[in-house]
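Look at the two complexes coming up: chain A is in both, with chain B in one and chain C in the other.
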Partner chain A sequence: MELDGNALAGDLAEVFAVEMTTARFTCAGCRHADAVATLRVWTRAPGVVARCPSCGDVVLSLVRTPARVVLTLTGTARLELPV
Partner chain B sequence: MGIISRGFGGRRRDSAPDLPPGQYLTHDFPVLSAGPTPRIPLDRWSFTITTEAGQKHTWDWARFTALPSEEITRDIHCVTKWSKLGTTWKGVSLDTLFADVETAADYVMAHSKGGYTTNVPLEDLLDGQAWIAYEFDGEPLDPEHGGPARLLIPHLYFWKSAKWVNGLEMMHEDEPGFWEAAGYHMYGDPWHEQRYQGD
Partner chain C sequence: MARTALPGRLTWQAATVTAVRQETPSARTLVLDVPGWPGHLPGQHLDLRLTAEDGYSAQRSYSIASDWPGDGPVEITIQRLEDGEVSPYLTDVVETGDKIELRGPIGGWFVWRPAQPAPVLLVAGGSGVVPLMSMIRERGRLRARQPFRVIYSVRTPEDACFADELKRRVRDDAGLDVHFVYTRSAPDGWPAPPKRIDVATINSHGWPPDFAPDVFVCGPTSFVETVADILVALGHDPKKIRTERFGGK
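Here is the complex of A and B:
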């Protein structure tokens, strides 16, 4: 049965409430996987940029606007979250 | 068009500055970076314009710095809200670099060492509005500020003035660069406060 995105609400609320630094990322560029806390992060920029410690590619970026937080995960192949 | 006369910021420094909305004045030169600062030896530096047909126009450092250069004095405006008035640069006009480039495409993606990208309409690069700058304040451009050479497009927010620029790629459609894909405005006019997507 196909549902709309509202059906994700419960699962995503759980995902985004977890302690993210203990989550594990997999880099979309080189497939390196490690704890989010090992990412190399630059904050003195128009947004926060987190790079893969292995290949240097951008794994995620976060831009805060007055009304929104925009999380871009183009460089993330996977996030594994503790529950 | 007011942007031209606003460029001569040095004369206004002691009067109340006419800043774009939401900006504050700074006298230092903040360094913003989204990654490690590349150190690019001049003998390995190059700059390439690639047309939509795949034709490449490439300059090495010697050919690039042999081109006619200009002294530039302009105000600059960072989307993180600082503005700096009357900054002085030396660089090569994009009009000079595009003189022999045949293109029918309207948009440009700027590429930098380290993978940074930013999109700009071609018309914003021409007619004396943009340069590849390689000196700031009479000195070679520091790596922290984008040296050996950076794009300089002072009439747009400063994230468009890509540090460590090494190429311009012509595009038929406007496509987002790094910050534009991450939530920032596609065009970025400080006088219309086009900071974020939807502004």
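Here is the complex of A and C:
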């Protein structure tokens, strides 16, 4: 099922101290930049995969194990966080 | 393994269902008593987690339907998805007195803040009306002066959540307009045949782009993308359009 970055808010709030869906990502693939809330999100993978709404590259993925959260940001060139 | 929560981080907690309210044949509101709820902004959601006896658990996000007057219960309205793993349990099985595990409030982007001075356009597809209802209720409670226009697309009149409340609010509040779009069957005497939301709908029942409204669109993915495309084509600033997709076709 395709969702959007709003659905990441809970998982990211477990990791980050700031509200991350209002943060601004820059896609490492195409340099598109927008709010994390606008990412396209798939939750039925083993973990959560978030893709760029412009080019479709994976911007971030988040996998949960019983004791850890593994956040992969290979596709993120930059994150601007609200403070 | 029990672990101590980090201060300020989001943690799971137990809530109690204090009432249930059938909104439509397939949608139900759960009224939740959440100890220590810090309050929420209209548009925020919560995550709900169900755990089976064998330890399997499933987690879903649900929008909050209620406003927050400073205390009281938190309400979520859930649409049953026929092939859903979680929603049929919430719409058909959960009863008053049951405990539910949740965390929230969550999200800060798809949020209307009453300090935003612009007029507001809310566009809902099906149960996408839920977070928008929280905005409408917050506006009503605060007697906020920003005028709201609402376009609410449903399959049939029976599928409209909060229909009576919306009717009452429109009657009592000159700053609130609600226009229904019926996609499968319209009420008797409705001036138009059933149709999907289109350019004419948004042009006639939204705000002109010159008014620079804050726009919130919530619904199934294809609905949200259609509406966002129409808004941009009509000249609305993409930066003023906030969207929330809840999957589906």
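Operating definition for what follows: the second predicted complex is superposed on the first by the 68 of 83 C-alpha atoms of A that agree within 3 Å, B and C clash if a C-alpha of one lies under 4 Å from a C-alpha of the other, contacts with A are read in each partner's own complex, and residues count from 1 in each chain.
The definition used in the following text is that a contact is a pair of C-beta atoms (placed from the backbone, for glycine too) under 8 Å apart; a residue touches a chain by one contact, two chains touch by 3 or more.
The shown structure was predicted, so the numbers you read here are calculated from the model rather than taken from an experiment.
Undergrad: When the two structures are overlaid on chain A, which partner does A:74 contact: first (chain B), second (chain C), both, or neither?
TA: first
Undergrad: Would you mind checking which one, chain B or chain C, touches more residues on chain A?
TA: Chain A has more residues touched by C than by the other partner.
Undergrad: Going by the contact rule set out at the top, does A:56 touch chain B (first), chain C (second), both, or neither?
TA: Only chain B is touched by A:56; chain C is not.
Undergrad: Figure out whether A:26 sits in contact with chain B (first) or chain C (second), or with both, or with neither.
TA: In the superposition, A:26 touches no partner, neither chain B nor chain C.
Undergrad: Considering only the touch criterion stated at the top, classify A:45 as touching first (chain B), second (chain C), both, or neither.
TA: The first partner, chain B, only.
Undergrad: Which chain A residues come up in both lists, the one for chain B and the one for chain C?
TA: No residue of chain A touches both chain B and chain C.
Undergrad: Using the touch definition from the top, list the residues of chain A that touch chain B in their complex.
TA: On the chain A side, the touching residues are 42, 44-47, 49, 51, 56-58, 61, 63, 65, 68, 70, 72, 74.
Undergrad: Give every residue of chain A touching chain C within the complex, in rising order.
TA: 1-7, 9-10, 13-14, 17, 19, 21-22, 35-38, 66-67, 82
Undergrad: Please output the residues of chain C touching chain A within their complex, sorted ascending.
TA: Checking each residue of chain C against chain A gives 1, 8-10, 45-47, 59, 61, 103-104, 106-110, 221, 242-248.
Undergrad: Any idea which chain B residues touch chain A in the complex?
TA: Residue positions touching the partner: 30-36, 79-80, 115, 159, 178-179, 181-184, 195-197.
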